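Per-chain numbering from 1; labels A, B, C and D assigned in written order.
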Amino acid sequence: MSNAMSDESNTESAMREIQIRDALQEAMTEEMLRDERVFLVGEEVGGYNGAYKCSKGMLDQFGARRVIDAPIAENGFTAIAIGAAMAGLRPIVEFMTFNFSLCAIDQIINTAAKARLMSAGAISCPIVFRGAGGAAFQLGAQHANSFDGFYAYTPGLIVIAPATPYDMKGLLKSAIRDENPVVFFESELTYGKRGMVPEGEYLIPIGKADIKREGSDVTLITWSKNVFLVLDVAEELAQQGISAEVIDLRTLRPLDKEAVFNSVAKTNRCVIIQEQHEVASYGAYLSHLISTEIFDELDAPVGLVSTLEAPMPYSKALEVVLLPSKERIIEKVKAVCS
Amino acid sequence: MEQELLSDLYKQMARIRRFEEEAARLYTEKKIGGFLHLYIGQEAVAVGALSVLQKNDYVMTAYRCHGHYLARGGSARAGMAELLGKETGCAKGRGGSMHFYDVENRFMGGWGIVGAQVPVAAGLAFAEKYKGSDGIAIVFLGDGAINIGSFHEGLALSALWKIPVIFVIENNQFAMGTPLEKTAPTDDLSIRALAYPMARETVDGHDIFAVRETIFAAAKRAREQNLPTLVEAKTYRYRGHSMADPAKYRTSQDVDAWKARDPIKVLGETMESLGMKALREQIDQDVENEIQDAVRFAEDSPFPAPETALDYTYV
Amino acid sequence: MSNAMSDESNTESAMREIQIRDALQEAMTEEMLRDERVFLVGEEVGGYNGAYKCSKGMLDQFGARRVIDAPIAENGFTAIAIGAAMAGLRPIVEFMTFNFSLCAIDQIINTAAKARLMSAGAISCPIVFRGAGGAAFQLGAQHANSFDGFYAYTPGLIVIAPATPYDMKGLLKSAIRDENPVVFFESELTYGKRGMVPEGEYLIPIGKADIKREGSDVTLITWSKNVFLVLDVAEELAQQGISAEVIDLRTLRPLDKEAVFNSVAKTNRCVIIQEQHEVASYGAYLSHLISTEIFDELDAPVGLVSTLEAPMPYSKALEVVLLPSKERIIEKVKAVCS
Amino acid sequence: MEQELLSDLYKQMARIRRFEEEAARLYTEKKIGGFLHLYIGQEAVAVGALSVLQKNDYVMTAYRCHGHYLARGGSARAGMAELLGKETGCAKGRGGSMHFYDVENRFMGGWGIVGAQVPVAAGLAFAEKYKGSDGIAIVFLGDGAINIGSFHEGLALSALWKIPVIFVIENNQFAMGTPLEKTAPTDDLSIRALAYPMARETVDGHDIFAVRETIFAAAKRAREQNLPTLVEAKTYRYRGHSMADPAKYRTSQDVDAWKARDPIKVLGETMESLGMKALREQIDQDVENEIQDAVRFAEDSPFPAPETALDYTYV
């Protein structure tokens, strides 16, 4: 992936605490200041400062030419941004949520992801599609889809799904500088989440997982907002005498196989936690890789905790049953560790 | 007769207004989760339109659906219970605020993807024509829904296949925080119909009688000639897009200008001027009782059992 | 799945040889004669008798009311059919190919698949979406997509991908009678494929895999047109002294776990062959299930042969490299069996 | 001067005609795989339209793309090699018949999903405006593409955002086997533009000079006022939808009626009547040589190396 420097590019600078929405706004703002070709388009990104306030102040700073309020026409504004990328600009497309990206998925998969191959490299499509994926609280079935697996399936796309403010900012900046089309997943539930980021500029390389907690008994692999849930679980497991290593994939495509395999080779046990249904899911693919490529390292079958196999019901009494929960994760970890 | 009509229309609008005011209260008490989009201010559109339709006509709308559900005869109890995510809800707590259903009354929801309900509703009407019934479909959408592919494909195919359907754009001037001019560089949204052989109308959505006339004529065209109509009803939502939206993108004067012509207020005054003051007060009381009863019912109802979480996915 | 009788419902009747396109036409015709609510809509299904002649003669037989030529508006005619299903009809939607279903996927996933759950069973959506999936010869990147994994991922949908004329006819009839939305995959390359079917009516139950060849050394699992490729491979393996059992899943969702597990429990070795990329694929999910749920039955890691990770190039010199091939399958089988 | 123009236009049309006749032959010899959609009969549209554009204008079309590629200056050698899937092709054998590219000449393909190229092309024009250049985009689509969402969203956003783009519907009367009346219940397809603030034109696609005038005016509107235009060019494809289509859905009389006005024949006759007979024959000979050379080049070229199968997916 072009241009992405290593984590070390920031060891000097002092740290400060910000929310994820600010991390995203800073990443976009810095890149727009750095590169005139970068612009932001999406519903409510301008006058409204973003449905989740991730582009706060950007219309005032950059004007309507570079911070563009789009009407509700995902297919249309996505395709226009793709065309603009083919003509040398570097668009950032915000989907209010990735649920609505389904209205534009043909353009993402059949145009953006394939333009380079079909033109034998004559056309590139440097564009970032970003927004919230997965369920928030009680938004009902049509607003709780997890489509990260659809995009991760697609050759030609890069798929990033970070958790922390630090990773969000550093990876979004790398995504904007990347020459490939990038699908970047956030979460409605964590835009307000706080975390430390350096004062100065930094980038995080695409395709590198991060060990969010070291451990020796079992490897817990996850991504996106579930990193926070899994870190809580690891804490609880520690109290119960189980030392869990938590791997945050950060990038789904390309996968950091090495980081995953090294950790599992160390712990010999592994549980994958995903907010996706199980069939044809990314987590099942991870389980397949681990189960087949490092078969001999495993002391127990890989564990997989997924969203249950039904559309998301509205009632909180039911939503909690479908989503991965502390209880279900701990149960699975114990099964794998026994 | 005339009196009965006025009282009916007034009552339906008042039910919606009070239902949603109570819903807003319950939302701030965190008893309702997710998004809550209120229809307050637009009542004359749903009530006027649905008051001239038949039992065998289908009704569909977007996520701002409480008003249409109630106007079509949906129960306040089942609606309120749905908002609270209870097993006694109109969708047994599975749907939520954006997905009300009352299939017996042919109210088919309640959909969350902007514009997607437009061709689906055309399909309901298509089925009635296929069966040889005289039923039609009416579908409501927002001003924000006129650019998305589903809207155009729904109109194009309905005109091409002569489907008996009415498309009603409830132009409440905003799509979330997006003012109309950022959605379409025109203030006549009905021109979208010019691309297809279909009828078009623009109507004052605060004038319930004008809405009735317009929809009655459109229904007649659909029923008798299989000619679709695109109707733009100019209206306004008094509240934010959803409970989460402070609506800073407009002034209170803008809102007050519309409130001055509030359809419930206006119709209430008409009733009084016709000597129906007592009747109006009686209706207000009945509505109050119905809504309070609905709230109690909803609060007292049980949540769905966890072991039913996977139900209703397959037969 | 309602109404689907067992394979036995035809033991009496004599057999005859027909092409897959005829099998599909017979299934649709029989069901339309049986049930007035069934109709067919899609591009070129009427006057043109189907782009691949799968609806030959049906316009003449049933008229334009029930065999409907649609203009190119996948989202629109799919949604209209979905609405018609909600109102009590039983539409069959033909996608000229499933590549174009991406323009309608929002309606399939967010409307058809979720209507029952969101209405708590008040609305059902008995509809069949059928057409060709996967690559044909040299159609280029945008016409060679495999999206069976996207639909198999989606709760609320049934996904069927048969291979033979016999299975196509029996399963399409069951699909049309099913109360759930069904996504039914065919293949451009096999519409002319011949096979025996009974004279009389028969149905094949949804959710039942079929052992297409018995064997004892290794289980080869596949579906759709690759069944034919894998049967050839099995023949070749036999000559080399490897006895392969070939399982044709026929239905992807719901999966016939029992058939798969029984076979692998017998052979203790397994190779999955799919025309899907590997990441977040259905085959990887199968591998995960086998590797984790019957871990102890395996004498070797599960083998997976997939389409390589790039959009499909046009040139035949490259297309053959990306698609699963005899050579790649045999190589994988030998690795698993050594 | 005038002579030069006539010869140029004639030569471009003749190149396309002969290129595709040879392609058809190679297809029947199984040297070309996949689908082969021929542009034969429609040459005046692409040649006329592109003859009035600037170097910095972008061109995009659907899968029936050989004509636009050649008219924009694409090499016959690279085009023919592409059809044969050779490494020397205009897309190194990766694109194929439906996906020709010549990015140096700003010919951006060659797309296979009906209508999808419409908003993408608007994006190319958007970028030129963003950069402050005076470049515009022109995008060609078929009569079958006017119902799909991408078409409408592309038009709606281009009008709303004032994007300098020209949309050209090449109405060749059929979408595969679907006659126009099953696509739209009108024979004026330009009315689709009435839904948006944009210009619209209808032109005889067999009259290359009329096409030039229409597109020149549309380009001026785009360049000077950022006003998009929807153009309907009425034309005809002499061959089937693709080589696989026997085109039984029309009579040979229908085809002959259009062939009688064949733009290449007509322009050739004009040239002769202007005393340019020798020049015409010279051009025919040059074109013949160019195409024969292209075929030889394509046949002699190597296939891509198997180990490059995964190239060009990522940078």
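Operating definition for what follows: contacts are C-beta pairs under 8 Å (C-beta built on N, C-alpha and C of every residue); 3 or more make two chains touch, one makes a residue touch a chain.
Values in this document were obtained by computation on a predicted structure and should not be read as measured data.
Chemist: Quick one: which chains contact subunit B and subunit D both?
Modeler: A chain counts here if it touches both subunit B and subunit D, which gives A, C.
Chemist: Could you tell me which chains make contact with subunit B and subunit C both?
Modeler: Both subunit B and subunit C are touched by A, D, going by the contact rule given at the top.
Chemist: Centre to centre, by mean C-alpha position, how many angstrom separate subunit C and subunit D?
Modeler: 37
Chemist: From the C-alpha centre of subunit A to that of subunit C, how far is it in Å?
Modeler: Each chain reduced to its C-alpha mean, subunit A and subunit C end up 31 Å apart.
Chemist: Distance from the CA centroid of subunit A to that of subunit D, rounded to the nearest Å?
Modeler: Using C-alpha averages as centres, the distance is 40 Å.
Chemist: Provide the list of subunit B residues touching at least two other chains, using ranges where the numbers run on.
Modeler: Subunit B, residues with two or more chain partners: 91, 93-95, 99, 111-113, 147-150, 153, 156-157, 160, 182-184, 312-313.
Chemist: Give the residues of subunit C that touch two or more other chains, as numbers and ranges in rising order.
Modeler: In subunit C, 71, 73, 75-76, 99, 102-103, 106, 110, 117-118, 140-142, 155-156, 309-311, 313 touch at least two other chains.
Chemist: If each chain is a dot and touching chains are joined, what shape do you get: line, ring, star, complete or other?
Modeler: Topology of the interface graph: complete, with all chain pairs in contact.
Chemist: How about subunit D: which of its residues touch subunit B in the complex?
Modeler: Residue list for subunit D touching subunit B: 146-153, 156-157, 159-160, 182-186, 191-195, 197.
Chemist: In the complex formed with subunit A, which residues of subunit C make contact?
Modeler: 99, 102-103, 105-106, 109-110, 113-114, 117-118, 140-142, 145, 149-150, 152-156, 253, 255, 276-282, 284-285, 287-289, 291-293, 295, 301-304, 309-311, 313
Chemist: Once bound in the complex, which stretches of subunit B touch subunit A?
Modeler: The touching residues are 33-35, 82, 85-86, 91, 93-99, 111-115, 144-145, 147-150, 175-178, 182-184, 249, 303-306, 308-310, 312-313.
Chemist: Name, in rising order, each residue of subunit A that touches subunit B in their complex.
Modeler: Residues of subunit A touching subunit B: 43-44, 47-48, 51, 69, 71-76, 99-100, 102-103, 136-143, 308-311, 313-318, 321-322.
Chemist: Across the complex, what residues on subunit D touch subunit A?
Modeler: Residues 58, 91-95, 99, 101, 103, 108-113, 116, 118-128, 130-131, 137, 149-150, 153-154, 156-157, 160-161, 163, 311-315.
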